[in-house]
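So, here come the structures, one by one.
Paired with subunit B in one complex and with subunit C in the other, subunit A is shared by the two complexes that follow.
Let's look at the complex of A and B:
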């Protein structure tokens, strides 16, 4: 197994190296650099040249690339060019904010998904099923930028019970942070909750049609027990698989929701960094994404190899 | 096919449905569930007392950029909160004391003696002295600071200190915009300026101390207990919160989460105007102006008649009404009403007259068959203006193709002089002494500008207006008129409208004010 792992690592490193080169090259092809952004709209060439010199952008491209990779290997992400502060801090803060938002959304996805699924499948009242169906259809059909605006209008502007946007930090003021988190995470979660709810409803309906449920019903097992103890546990495994995929979508969708709710996550950071041509921030962010992808692939390969010895022997 | 009614589960009937609905409501009401704790909405409002105390939250549309601390940008509100300047202009551009208590020009205009306050300390406790002013001027000269008033700072040739609180500033030649420099130049701590441009430590003498800057979230400031103005400021703290999306910024104001903003978009101003709870104040000193630029080394923009035809063709009132939300002044000249160079004749030199524009094109024989590129930044404001310009030019037979550029690409083209034949953008620096526009704003710079316009006459007029001691008076006005005449005649920059700074404040907020360079002054601001 160790030998298999050792064989896979060089190719993973090669992918990372190639990705770093591509990221670096593509960014340099985009018009404008951080020096021109920082110089402002009334700057002369001497200002641009001075700032370029300060940032090291006047060095040959290969030297810039080598310097970036060298710093990365040493674990030093260095300072941001245009946003300000250290890249590691910026990415760390952004990652924390996005993770918090995604976890909040995951909570709502699971809770509302279960609610929709169970009510949709198990209620014998037609109006309840119709309402659930309408809610899930609405949650799927209405895009988050509309849901977000509506939520803000109702809960922040109309009722004034929740903040319209921003973030204070979970460690600094947990009670306030939860209030800031509520609307963006709900907005992000609604489409996923609808998908999950519908999938669970189908899954439960299939479970209810199984013989063992009919037998248990005939044996006099209470109906509530039937649902929670027998049908639901059997319906959940495929739903859990779907939840894994939805989590990835939540992370992607967070970018849009962050903008609506002024949530300072990775999406906002990436947009700001790209607009200002903040090369270190954009480069490190993109490479981080590639690294996560490569790591997941590597782990998947290892798990497959652990499960199927033939792969190890190949 | 399984049916949802395959299993009639009694417990999941109406009662269960109601329970489930209740659970959903509980989730949505988690905010209410946290009501025992503080409210995030109320926390934003702060513990407002009748006069003293409270936290003011300001909604801004772009984050503080430490590296641009010495450059005038679209968001420089924090400069007069953390720092002070030597003087402040009143509404008539008369300098009033700030850190400089008095000043005296030498008769030849080649030096000025400043008397400085002796009771000022930085937030870290260090005393403010003349050395800090010397540093501030020298700092602005550095090209990496990219300060628009660098040309004026470079006219300073030396200093003579007379004790800690008197300073003679020597000049290579008189400059009519010296007080623009003194209003523009924030007095930073010379020992920590490198930390300041990294956003780590902003040490000033202003009414609020720097507490923290969180990129993407904003700046947190706290009251400076040792501020040199007695009993000021009233507010305990100021938060500058970033809302990059116009809708999010509007919601922050409408929900009471923020109480002040200068960045509400034109279309949203109309919404706020009709709703209660806000006061909207216009600063007609201007927030810059919007214009159509022409690249003179590309045909047909090399023809003066062609450029003048464009100046006649554009409906400036429509630009003000539709793009600026009504908060602006249609004007063919760059000057706001408060400028010494302003005149009604200059403002209305070109009006909307498509017939005259067509006639001018016809008589000059300039070919208009080619579709011309019309560049603009991708911001909603500039896109809206570019569309209006495109339509108006089409009415006189000039076909254009819109070329949107993201702000960084646009800025590259602007400062490197590689703009397309025509472009739409905004400029600043007409709100202070007129010479500043021509020596500091790149589109108008006589030595080097985006349009590639060169003229000995223009250079002479600009230098003549700049190298004077007196910024006011009949002679000065004549010199400014000369610049206006050249700008209007040559039309390499075709001004469309002066933009007002628009302040949207909650009704309970009193006393915020902007300086001429859009630094926010909250010395007298309080929540009622």
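Let's look at the complex of A and C:
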């Protein structure tokens, strides 16, 4: 296991390093730098140059990169140019909201995924299996912005039981917050729940074909107990790994779902910072998102290797 | 006599060449494949015939009827600026298809080129793998945001984002295929028989890796529709007045309570299109996996 970690962790760090180069390079390619934004449209070239000197933007690129990474490591993200406030505060607020949304979506992914998987594999009624298959096909194919608009149309406009977007904050009003959280997290969870459900269904069907199930059936174990106590525990390990990968997907998808439901998370912050050309925020935010994503992938791989020793020897 | 030929037809001898197009034809003949193809063709045709089918100029605004529901003059109604929704949906399909038809094959070709490059030498393989890892380290939409920071909104970043997202997908698929096929007996025999490396790779191994790539192509079409729409929702996609399925939906979002018909057209068309593509890919996948 240690050997696997020694191989896997450096390669994750390498990807992160390359990503930081790429993000830095991308933001230097953007027409018009931060000094021009700060100085405003009417500023003369001298004042722009003065601000550029203040911000250290006239230093060599390598020095700028080093000071960016150095500040990051020390936890000093500096002030935001356009949005206002400290970058660390902006990102902290957004991170809280996005984490909440992702956790909500994870809840629905697990519950709906289990439901789809178990019903799809174990229901003895054919119509139930057909409906589950149709639902998962639909949830996999239809983009979240379509399901999002449909959810708003049905629950916010048609039935008017849930709000169509926004957030009140978990600490301020927990019960109200749950209402606001419901639709976005469901919308974000649906594709992942479908993937999980499909995978669990296959996994369960394979488990049901095993000899020990036949033996247990012959010994008179009731079908319900067979499913929950014998087949399901044996079908779960690969599904757990899949869940890890889906968590990464949820983080990526959150950006879109936040835009649909006006959820003030990292995605909304990124969009706002890009539109107002607030480059320090964009730069730190992109790297943070990539880092979280790489970390989730790393954890998934490590868990998978812990569960299945063959992986470590590849 | 008839029974005998029937048996022979079912069990081809070891030397009998399998028609490589057989599984595709069979896949399209299944119910799933037929419905998928019909849906995809229906929407595509509507987009191609947009200039003939639409009654108005898609960007023309009329001052008197804003957010009006369907009427004989405007079959799907009008949007917040009084533009004819039917015409906008039709031209929206057209824009989406133009972007997708350019971006998906571009990404697929580049991905395959990278995979072939990786097959040449282990060092190149490592480099290419890291490039794929790097692209995959950016969740799709984050990549979209980063690209648009440089290119600004419009058609070009949408094409670039879709193509870029597809490169590692196709690349990894083909790389895995090559690794398996390379060890198969026919490949070893060809190598021993003195077939050159390039010829072996391009003429023998590549054709045997094609099937999963075709399935992936169908899957990627859905992903492309998703990315175009998602970028519009994030405000970094193709901007109005030019209609796309995604930017129409995102414009309809604030008016859902007031004028639900605004969203209805694009909602229906996107759903039909992605369902068509994914039914097609599912049908192909089932037939090819046999």
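The working rule: the second predicted complex is superposed on the first by the 221 of 314 C-alpha atoms of A that agree within 3 Å, B and C clash if a C-alpha of one lies under 4 Å from a C-alpha of the other, contacts with A are read in each partner's own complex, and residues count from 1 in each chain.
Here, a contact is a pair of C-beta atoms (placed from the backbone, for glycine too) under 8 Å apart; a residue touches a chain by one contact, two chains touch by 3 or more.
Quick caveat: nothing in here was measured; it's all calculated off a predicted structure.
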item	value
Touch count on subunit A, higher of subunit B and subunit C	B
Partner chain in contact with A:68 - subunit B first, subunit C second, else both or neither	neither
Contacts of A:138 with subunit B and subunit C, given as first, second, both or neither	second
Contacts of A:290 with subunit B and subunit C, given as first, second, both or neither	second
Touched partner set for A:29, first subunit B, second subunit C, both or neither	second
Contacts of A:199 with subunit B and subunit C, given as first, second, both or neither	neither
Touched partner set for A:152, first subunit B, second subunit C, both or neither	both
Contacts of A:248 with subunit B and subunit C, given as first, second, both or neither	second
Partner chain(s) touched by A:14 [first = subunit B, second = subunit C, both, neither]	second
Subunit B and subunit C contact sites that coincide on subunit A, given as residue numbers	30, 149, 152-153, 156-157, 164, 259-260, 271, 275
Footprint of subunit A on subunit B - complex, ascending	2-14, 16-17, 20, 23-24, 27-28, 30-32, 34, 37-41, 43-44, 63-68, 71-73, 142-146, 148, 150, 198-199, 213-217, 241-245, 247-248, 251-252, 254-257, 406-409, 411-416, 428-429, 440-442, 448
Sites on subunit C touched by subunit A in the complex	130, 133-134, 137-142, 145-150, 222, 225-226, 229-230, 233-236, 246, 249-250, 252-253, 256-257, 260, 263, 267, 270-271, 274-275, 277-279, 282
Interface residues, subunit A side, partner subunit B - complex	30-33, 36-51, 54, 79-80, 82-85, 90, 93-94, 108, 111-112, 115, 118-125, 128-129, 149, 152-153, 155-157, 160-168, 173, 175-176, 178-180, 182, 186, 201-202, 205-206, 208-209, 213, 217, 223-224, 226-227, 231, 259-262, 264, 268-269, 271-272, 275-277
Complex interface listing, subunit A residues touching subunit C	11, 14-16, 18-19, 22-23, 26-27, 29-30, 137-138, 140-146, 149-150, 152-153, 156-157, 164, 248-249, 251-253, 255-256, 259-260, 267, 270-271, 274-275, 282, 286, 289-290, 293-294, 297
